[in-house]
Every structure is written in structure tokens, then in C-alpha cells.
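What follows is a set of structures for review.
In the two assemblies presented below, chain A is common to both, partnered first by chain B and then by chain C.
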Partner chain A sequence: MVKEIERAGIPVVHLCTVVPISLTVGANRIVPTVAIPHPLGNPGTTPEEERELRRKLLDQALDALSTPIEDQRVFE
Partner chain B sequence: MSQIKVVHYLNQFFAQVGGEEKANIPPEIKEGPVGPGMAFQAAFQDQAKIVATVLCGDSYFNENTEASIEAILMMIREQKPDLVICGPAFNAGRYGVACGTVASAVKEKLGIPAVTGMYTENPGVDLFKSSVYIVPTRDSAVGMRDAVAAMVPLALKLARGESVGSSAEEGYIPMGIRKNFFETKRGSRRAVDMLLKKLAGEPFETEFPMPDFDRVPPNAAVVDMRKAKVALVTSGGIVPKGNPDRIESSSASKYGKYDLEGVTDLTAEEYETAHGGYDPTYANEDADRVLPVDMLREFEKEGKIGSLSRYFYSTVGNGTAVASSKKYAQEISKELVADGVSAVILTST
Partner chain C sequence: MKLEVGYIPIRDIRFGPESKVDNNVLYVNKRELSALILADEGIASVALDLARPGESVRITPVKDVIEPRVKVSGTGGIFPGWCAKVRTVGEGRTHVLKGAAVVTTGKVVGFQEGIIDMSGEGAQYTPFSKLNSLVLVIQPKEGTESHAYEKSLRLAGLKTAEYLGKLAEHLEPEEVHTYETLSVTEGIKKYPELPRVGYVLMLQSQGLLHDTYVYGVDAKQTLPTLIGPTELMDGAIVSGNCVSACDKNTTYHHLNNPVVEDLFSEHGKALNFTGLIITNENVYLADKERSSDRTAELCAYLGLDGVIISQEGFGNPDADLIMNCRKIEAKGIRTVIITDEYAGQDGASQSLADADAAADAVVTGGNANMVIHLPAMDRVIGSIDRVDHIAGGWSGSLKEDGTITAELQVITGATNELGFNTLSAR
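Right after this comes the complex of A and B.
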């Protein structure tokens, strides 16, 4: 899906936990996330901490979208 | 066994009737080999004889598939062949679909073995590789000689009812059928052998080939995120509670498009996940953990992004075919482009 969106000309960032799959599939901008069942959250922490975590990951996502790249890159 | 009787299926072009202007001709039958049939006949020597050639225009076939296949099967049945050869179709899409359709119908309805040949990216390959023997060919008729050489031995084996080995041994496109057999060396031995070869830079053959994925070069970066219209897409199956489109928990046959107008937070009362294969507890408690609508609304308010696009798109990635995902994303992308979306955040579970 990432690739088809990219092909359509829209920059896209893939937020996912299993980065090797994302790399194999061919996503170009990748932000690694927390866990498969809750990529952008962590049930083990407080709601406030979760929101902070989500904010941090989405800041990385925006950073990835606004960074020019030539090849696949994982934004840690 | 006496001489094997063969019927050959061709399109209007290879049957030397005409080009695209003759693509609308209905099925007909000619005696003996025609066009590429001559090359097959030469390769068969006297082991097999092409008794007739059935031909049909590619457009006619694809626009009138049922009528065509019925007429073609009747013509073939009358010849009482032991084998049917279709094509090869190389990279001609309609012809490939016709060859695949004829070959699979001959096999299923008449119980006669059939072989065809195509270029691996011919759409007929994906459609029929699991039901018929397709020998990979080059993408144009330049590869005729190689195609004939590869198709003939397999065809003769099938006609004689001999057992057919694996795709790697016989040179056809893998049908996705697993056949159990006993390896002489145990797994650990084979793995170490492969590893040693890899370390030594020698060629080795994997026992678990990964599917082929193509690559798309990255698009230019977003110049100003503060002006960007950002859309959310997910393969994590987030849907409005009750899953109104009945998106399947695995091998999804569809995607959903949902309105986020006025939504600032995905609550447990209103959203859930349709995704199987992972524990849905956390996503059902708070779908923002998969589809971060709450935080993107904050970003919108803070001016970090221009806006969050009105709709989000969702499907279930669990066991869903690459071809399906591709199709969904193509449709979704069209809408995103039409909506003036400047960047996409795609989340996967």
C-alpha cells in the first residue's frame, strides 16, 4: 500500500513495528513503532505517557516526511 | 503408446489470420499445424502429431469468454486429442488470458492435459499459474524457439501420463503446490551447507525463496509541514464500531473509507479493529494506538500540520494478498490525489 501511494506521487511515511517487512516491501520513509498490537501506544504506561509517546513518534513521522531522501531510510 | 494427438490453440495473429483488425474473429478450426505449430511439430518429431489448430481473435475471446470457450471446447473434443498446447502467449495480455482459460477448461472440463507458455508478467500467469502448467517464456516471439524447447518435453510427459516433477525440475512456473518428500540430508546439515557456500561467496539455492517486490523511488519531501494536508491510512483494521463494511479479519476483500469530520479522539465506544492475527485488546481499548487521530488533531491545532484530511482509509493486512493491497491502495491514492492530500501517514500492525 505504501508503495502504491508513493507511486501516486504523494510522500508517505510508514509507521510500523516490523521494520524488516517494511524494508522488504519497499517503503521509503519508515518510523519504527512500539509493538504490533499497539504501534502508537503502550498500555503498560499512563495515558499521559502514551500521549507523549505518540507525540514523539508522530514528530518523527513529520520529520521523515519533510526530509529529502534518495533511498529507503529508517527514521529512529 | 501410439502417436499422441495434439490440438494447438492460437490467437488470430499467430494463426496468421491477421493483426489487431482481426482480433474480433470468433473461434474456428484448421486442420494440422499452423504458424508456431510447425515448430512444435518439428520438436515432437514422430512422437506426437498436431491434428488441428483452433484459433480465436483475442478481443473476441475476452469479450465473449463463455461463448468462446464453449465453442472451442466443442472443437477440441471432436478431435479427441491426448494433449492441448496453448500459445505460447509471451507478454500479450489478452492472449495470455485466453491461453490460460482454454488450458484450464480443457484440463477441467475435458480431462485432457494442457500446457501453455507466457512471460512471467503476463496477467494470465497470476490468473492461471495455480491451475495449469505455464512454461515461462521471453516477452516476445523472439523467444519462440526456447519456448517450444521447454514446452515440448513437459507436454509429452503429461500426454503420456508420466509423473511430473517439481517446477524447478520441469521448468514450469511454480503452481504453489507443496509436495512432501524425504530429503537425504537433514535440515541443519542443509542450512549449514548453504551458510558455508554463502560465506565463501559461492552460489546456493534457497529452500524458501522470498516473493519478488518491486521498488518505487521516494517522492520529494514535504516543503512545509505547517501547510500540509495529511491523510491517515492503515492496514491495522481500524473501523467504526460494528465494522459497518464487514471488512474480513484476514484476507480482506475490501477497504473502508471513514469520515473524521468532528472526530478528535478514537474512543472505545465508537471505534475498534477488524484485524485478526494480533491481540485486538489494545486497539479496541483505544484505537488511537493504531490510528493516531487524537495527536494529529493536536498537531493541527498547534499548526504543526496544515490539516488532517477528512477521511481515513482502512483495511486488514492479515494474510491479504499483495495484489489486493496494491489494488486498494491504487484506488485510495486516486482519491487522496483528488482531495489534494500532500502527505500520508500509513500505520501497520
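Right after this comes the complex of A and C.
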């Protein structure tokens, strides 16, 4: 999906946990997330902390989206 | 470490007034065994049933398959950490009721249990159709959560296998196999010319009921480690997995790991079976990196020339598999990986979620997406109503006449990644 949307000319950020697979598949902008069963949350934390975590990941993704790149890049 | 494994062949299974093995027939006292299982307070009821090779019987939803075994001599007992205290096993003598199995069934996760057909097309896809099986249909007490149900079911299966295994303690085996593991230095001295080959056994450990236990410890909380291959034969590794039926390693697989079996049979001839490393398949990327790093370090430390890596499950464990392969190859050690494929129903899609040029020697257990047609059976043990929901099934998989059209995934053990089954490709 990442590749097809980019093929249509729209840049994509792939939020994902298993970065190596994303790199193999060919995503260009990658933001690593928490864990496979809960990529954008963490049941071990409070709802407030989770909200903050999500906000941070979203900000990171938006930054990645607006960053010009030449090659595949993982935004840590 | 040396283990003698004695096989007592079982050619039939029946209920009887006394649990015993007589003339290669396994008799089970229903009442005695039921009482043993019901001692677990989480279990509301247990129904015991029998399934024999060739019968028109469908067992579903299958959770685990376990082989009855007993330790006759040597330290520890079968299934250490569960049925026996935690002591190192793998030495002395062990007896096996070969041809018999305990099958546990229950709707734990619902979509991640499997099917065993004892006859028809489905029987050809599962090695468990060839076993005289005692099936436990276990219902939990009302309000029991899935993880507690899984544990009850797991323990009931292990306890039953131990109970049956004990019947073999004083029997004379028809065949005895001896397996011996030398220390690293002894192996080098004895076989200086032979290539040193290791085995990396990947254990499913994703959590949320996708778990494997080593001496009672949840594998996701462990770092990769060396373990004696004969320790597996005494039940050091136990499945707690509710995951795709076709490529999960049941406890039966761990007890009878064919990679271990073949490496032992070639040991001292074509190769020097130097060590067995167990590692996990966790859901955090940091865990995947740490475990594959450790695994590669252990391989290098043992001075291996070649490594066989077997996977369990599919999807994100493909990343663990490729990381192990890539990092071990980077140490100058050649690898062969054993996996299976999810290549779509037409077989035309990419087989694995991850790939690397280092993975240039691959053995496949078959395409789990292949569509199969299963005939109706006269009798169902367990309950048939989950078939549409099992991974590999879809709404309408189960027809009104009892036939099933689904992907191969639904069959327990069909595309096993230890090479336990017969499917492959060239």
C-alpha cells in the first residue's frame, strides 16, 4: 500500500514496528513504533502516557513527511 | 550427555477398567484419568474420546498434540517445570509410547486452533492422522479468561501424557535409540575433519497466547542459549501456542524434532553436530535485534561451519528468521533456513514477509494458502462451529453437508517448519 500510494505521487510515512520488513518492502520514510500487537499504544502505561506517546509518534510522522529525502530513511 | 530412547509401539487405543499397555494396545481408565484432569480447579468438565488412524473422525479445534513418555532412569522427569521439578533432563533412559498421542481441544483463541482428520484428504496433510489418539475435550469454568484456559488445557495435556507415559516404565521396548552429545572440545578431537554444524531452533514467543516454555520459563523472557538436543526428547520445551495450526510446533514436534534426529544420524559421518541454540520470536524490534545478535555470537563462539535455522509461525517471525540468517552469515558461517510459504492461493505472491540475499539456501514446508477440500466425517470430536473462523477458513468454509473448503493453514502440522511433514518443493 505504501508503494502504490507513493506511485500515485503522494508521499507516505510508514509507521511500523518491524523496520527491517519495511526496508525490504521499500518504504521510503519509516517511523519505528512500539510493538507488533500495539504499534501505536502501550497497555503497560496510563491513558495519559499513551496519549502523549501517540502525539509524539504523530509529530514524528508529520516531520518525516515534510522532510525531503534522497534514499530510504528511518526517522528514529 | 547420553540418552537412550526406548520405543514401545502402540497399535490401538481403547478404554478399559485399568490403564495399561497390553500386547501393543493402550488401555485407558476413563474415570481415573478424568479425576486427575478435574483436579485443576479451572476446569469445569472433561470428555475423553478416541481417534484411530483411518476412522471417519474430525478433531477440532485442536490446541496441542503430546506424546506419552516416561523417564526410566537419569535425573529429572518428563516435562520439567510442569509435571516434574526443574532438573536438567536428557540423560539416562526414556520410554515412549510410539504411535500414541494426547490431543487437547478447546476454543481458546477460536481462530488459531486447527483440524486433524483421521481419514480422507485432510489426513494426508497431517502426520497426526497416523496416531492412536486420546482426545481431551475440556470446558473451562464459567468466567475463565483465555490465558487461564490455555494454561489449564496445556497442563491437562501434559499431565495426561505423563500419566500414559508411566504405563511404559517397566515395559521392554521393541527398539532402543541412543543419542550422545559430546562436549565441544571432545567433538573437535574426535572429528577434526568433519564440518561443525549447529542448529538454531526458533521458538514462537510473541505473547498473547503465542508462547513456548523452556523448563517452565516463558521463552520470550529468555536470551538465546545452548541446550542439549536430548533435553528436548524429555520435554524441556513445551508448546503453549494458539497460533496458525499448520506451522506451529506442538509439544509432539519438540519431543520428536526431525532436524535433531537427522543431525544425530549424520553426526560422526558427514558432520559434527556441535550444538543446539534456542532463540525466541518476540514482538519488540529491540528484542528481535538482541536475540538475533546473541544467536549469531553463540554460533561464532562455537566455531561453526554451518547452521540450520528453523522458524515457527509466519509473518513477523519471518523478520527474526532473516535477521538470524543474515547475522550468522555475516560471521562467515553458511546457513540453511527451514520455513513455509504464504504465497497466496495461486502461489504467485511473495512467500515470506522479509528477504535477504544471504538467505540463498531455503527448505520450504509448503504453501499454507493452498486451497483444500475436506470430505464430511461421520463423527466430530470437539466442536465444528469454529471452522469458518480458523485462520485459513472463511465464512462459508464449512458447508451444510459437513464438507470443508479452506486453506491448508487449518490443518494441524501441515506445513511444519521443522520438516516434520512431507510437503515441500524443489
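Note that the second predicted complex is superposed on the first by the 76 of 76 C-alpha atoms of A that agree within 3 Å, B and C clash if a C-alpha of one lies under 4 Å from a C-alpha of the other, contacts with A are read in each partner's own complex, and residues count from 1 in each chain.
We adopt the following convention: a residue touches a chain if its C-beta (ideal position, glycine included) is under 8 Å from a C-beta of that chain, and two chains touch if they have at least 3 such contacts.
Please read all numbers here as calculations on a predicted model, not as lab measurements.
*Asks:* Return fit or clash for chain B versus chain C, each positioned on chain A through the superposition.
*Replies:* They clash.
*Asks:* Counting only touches as set out at the top, which of chain B and chain C does A:20 meet: first, second, both, neither?
*Replies:* Second partner only.
*Asks:* Could you figure out whether chain B or chain C reaches more residues of chain A?
*Replies:* For chain A, the partner with the higher number of touched residues is B.
*Asks:* For A:32, is the partner it touches chain B (first), chain C (second), both, or none of the two (neither)?
*Replies:* second
*Asks:* A:5 contacts which: chain B (first), chain C (second), both, neither?
*Replies:* The answer is first: A:5 touches chain B but not chain C.
*Asks:* Which chain A residues lie in the overlap of the chain B contact set and the chain C contact set?
*Replies:* On chain A, the residues that contact chain B in one structure and chain C in the other are 17-18, 24, 36-37.
*Asks:* Which of the residues in chain A end up touching chain C in this complex?
*Replies:* 17-21, 24, 32, 34-37
*Asks:* For chain C, which residues count as touching chain A in their complex?
*Replies:* Those residues of chain C that touch chain A are 206-208, 283-285, 288, 316, 318-319, 322-323, 353-356.
*Asks:* Which residues of chain A touch chain B in their complex?
*Replies:* Per the stated touch rule, the residues are 1-18, 22, 24-26, 28-29, 33, 36-41, 43, 50-51, 54-55, 57-58, 61-62, 65-72.
*Asks:* What residues of chain B sit close enough to touch chain A in their complex?
*Replies:* 210, 213-225, 228, 233, 235-236, 278-283, 285-286, 288-290, 292, 294-296, 298-299, 304-305, 315, 325-326, 328-330, 332-334, 336-337, 341-349
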